[in-house]
Amino acid sequence: MQEKETGRVEAFSDGVFAVAITLLVLNIKVPGLLPDDKGLWAVLAREWSMYVAYITSFATIGIMWLNHHRILVHIRRTDTILILLNLLLLSIIVLIPVPTDLLAEYLVRPDMHVAAIIYSSMFFVMSCCFNFLWRYASHENRLLAKNVSPQAVAAINQQYLCGPLFYTVTFVVAWFNAPISILLNFILALFFAIPGPSLASFSGRMKREETVV
Amino acid sequence: MQEKETGRVEAFSDGVFAVAITLLVLNIKVPGLLPDDKGLWAVLAREWSMYVAYITSFATIGIMWLNHHRILVHIRRTDTILILLNLLLLSIIVLIPVPTDLLAEYLVRPDMHVAAIIYSSMFFVMSCCFNFLWRYASHENRLLAKNVSPQAVAAINQQYLCGPLFYTVTFVVAWFNAPISILLNFILALFFAIPGPSLASFSGRMKREETVV
Amino acid sequence: MQEKETGRVEAFSDGVFAVAITLLVLNIKVPGLLPDDKGLWAVLAREWSMYVAYITSFATIGIMWLNHHRILVHIRRTDTILILLNLLLLSIIVLIPVPTDLLAEYLVRPDMHVAAIIYSSMFFVMSCCFNFLWRYASHENRLLAKNVSPQAVAAINQQYLCGPLFYTVTFVVAWFNAPISILLNFILALFFAIPGPSLASFSGRMKREETVV
Amino acid sequence: MQEKETGRVEAFSDGVFAVAITLLVLNIKVPGLLPDDKGLWAVLAREWSMYVAYITSFATIGIMWLNHHRILVHIRRTDTILILLNLLLLSIIVLIPVPTDLLAEYLVRPDMHVAAIIYSSMFFVMSCCFNFLWRYASHENRLLAKNVSPQAVAAINQQYLCGPLFYTVTFVVAWFNAPISILLNFILALFFAIPGPSLASFSGRMKREETVV
């Protein structure tokens, strides 16, 4: 019966992730009546900031879903606090289309650093929520499956701690250079696509090689 | 086969809750071309009523999903009346983005008490629907699992009866002070996050302590 | 493996029904800046046609989901034609918010019979699609579970044949009186909430009573 | 535990497909206040391009869901690369409402070939993503179930390779004749509804008959 509870938390979360990722497309507006004699190609090309914002946010939400999936593979039981922490995380995921829209609108205007700062700080909060969720569930194996290896838990711990740190960097960069901070956000999404344990074994190999040298 | 029916009722309800909670974000509009020389920060700060409405409604829908989940853990069988009562509840959940939008729009205008009254009365109707659903299913254990403890049923009964009572309070407060009624709605959502049985054991302990004194 | 296929058809259909029923709420627009000195109550009251359209369409989609659920309880296997017929049905379900919006907009204007005609004909097509889906699956027990009783199949057959007939009536009424045709559509939705077999036993009892008389 | 992972990938994909297919309806706008004395019928008839775009895109997304379903019946295990390829495919599916809207808007204007070109190239990219996903999973039976017949794999391989080829044709046709390219896209969707193995047995029979002749 406890496992069934996890099942419904996953179903609800999948639904919220799926709707949030699809609502991103509403930010891409089709140009209406063209006011001047420029062709449709030119008008669509001018909307490049919408596509940049769409790609970065889609990659981030998609890969956060992947991480949510990875976490919940290890979690077997649920309690009220876990569900509330999950709702907190989802409330940030659902909000992502808003700063995405802000970015699409303002990336071509003087106020673009404001949009980039809000965008990065949203991701910073999101990565904190991920840490809360995982730390609560994994603390002294509170809600995890019995057969989870301590190495896997430690590897996820390590990777997730990087989240707030790295998003602080993109936040600081956003004050000086908005486009570079967006590029960093996109690269960070790809970083979180790498599974924690393989990162750990990779960095372990790096250390061993250093030792050998 | 009966259990499978519950499964699909849950899947459909999860979908509706997930879409309704995500549609709340459509209420948060990104400012278009700025008419005057104020910066983007100032414009975004002026939209605080949208964020208040978003947070209260997200908390309410999310925690109502949690309660729906708790109820359906106990329910094993379904019949047509249960599905219709569930549809009635969902029809209110789906509507919540409308009074939320109304609140976001009018919380900064003279008509704000109208928006707060409609907002509170929507939650009043919602809590009544929850009572209908639970009372119908739990009456003489009609549709419950065989091993449900009478204490758990009584605890949920007691907590859910508070819903219409408490929302009547926020409804009355809304006529005099809209912001306080919204704050009360938010606190009420948190109250319903506490699981019924622990509330019961808490109030049981309170009573025992009173007896001791 | 065949049963698993039905599972995913149900999951996709549940998702489409859930999103379509939730999108109905987008038709209810919150009034913007009030141009004259009338209060918010008066403005909201003037929008009654939106609420009528919302209630009728919500009841129809919700109860069609219930019928879809009832049909798929009996269906065990799937093939390409069943999935295509299901897609055809879903393409009509997804469209329902459009005539609903049309109705909400035009129920207070001279062209209201056009809106009511389109609304009723959409439901007529929907009920035909339901018949196609069920007839294809149940013909010579093609895709049904082995233990389905012929009585249950016959009862559903009978009730579903009424669909196109009854919606033809609301279609004809729409040419003369739009409000009555909408009321009939709402009553028809409630009629389809009654499970087929109990209808059959009810009409069977009626016949027996007639025989007795 | 590996099979459970496939389950959640399917649930998330089902959600995204369901939301994307339902958002198509947002492209169909209900006419507002009529500026001249033409009736509502005339205004609705003028919107034929919206219905054409809706039907073609609904058929394409629906049948792509069917193909996704067919592929995942054979896939048993998942890894990070599969999930990322799946996200890539979903990012295109989610975008389809945009060129659909573009087509609905511009099919009645001089720039219609631009809309048709973008529409066809979107489907070309989508069919490439399907090939990536399937080739990655089926290469040396990497992630397939053990009992998948090599014939079934070869049949799907063959049919999917046709995708990019055929969509290149509709892309080229779009430069010369937009309506015919849209018709071809619709026919292509129907072609992908036919299950691969039956296509293979059909073309096999054709060849045998040729040999006999």
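Lettered A, B, C and D in written order, each chain numbered from 1.
The working rule: contacts are C-beta pairs under 8 Å (C-beta built on N, C-alpha and C of every residue); 3 or more make two chains touch, one makes a residue touch a chain.
The structure displayed is predicted, hence computed values, not measured ones.
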Inset, instruction - Would you mind checking which chain's C-alpha centre is most distant from the centre of chain C? - result: A
Legend entry - Rigid-body rotation angle, chain B and chain A, from Cα fit (steps of 5°): 90
Inset, instruction - For copies chain B and chain C, work out whether under half or over half of the interface numbers are shared, and give different or same accordingly. - result: different
Legend entry - Distance between the centres, which are taken as Cα means, of chain D and chain C, whole angstrom: 27
Legend entry - Centroid spacing, where centroids are CA-atom means, of chain B and chain D in whole angstrom: 39
Inset, instruction - Return the residues of chain D touching two or more other chains; collapse runs of consecutive numbers into ranges. - result: 11, 14-15, 18-19, 23, 26
Legend entry - Complex interface listing, chain C residues touching chain D: 1, 4-5, 8-9, 11-12, 14-16, 18-20, 23, 26, 80, 83-84, 87, 90-91, 94-95, 97-98, 101-102, 105-106, 111, 114-115, 118
Inset, instruction - Could you please specify the touching residues of chain B with respect to chain A in the complex? - result: 10-11, 14-15, 17-19, 21-26, 28, 30, 32, 39-41, 44, 54-55, 58-59, 62-63, 65-66, 69, 72-73, 193-195
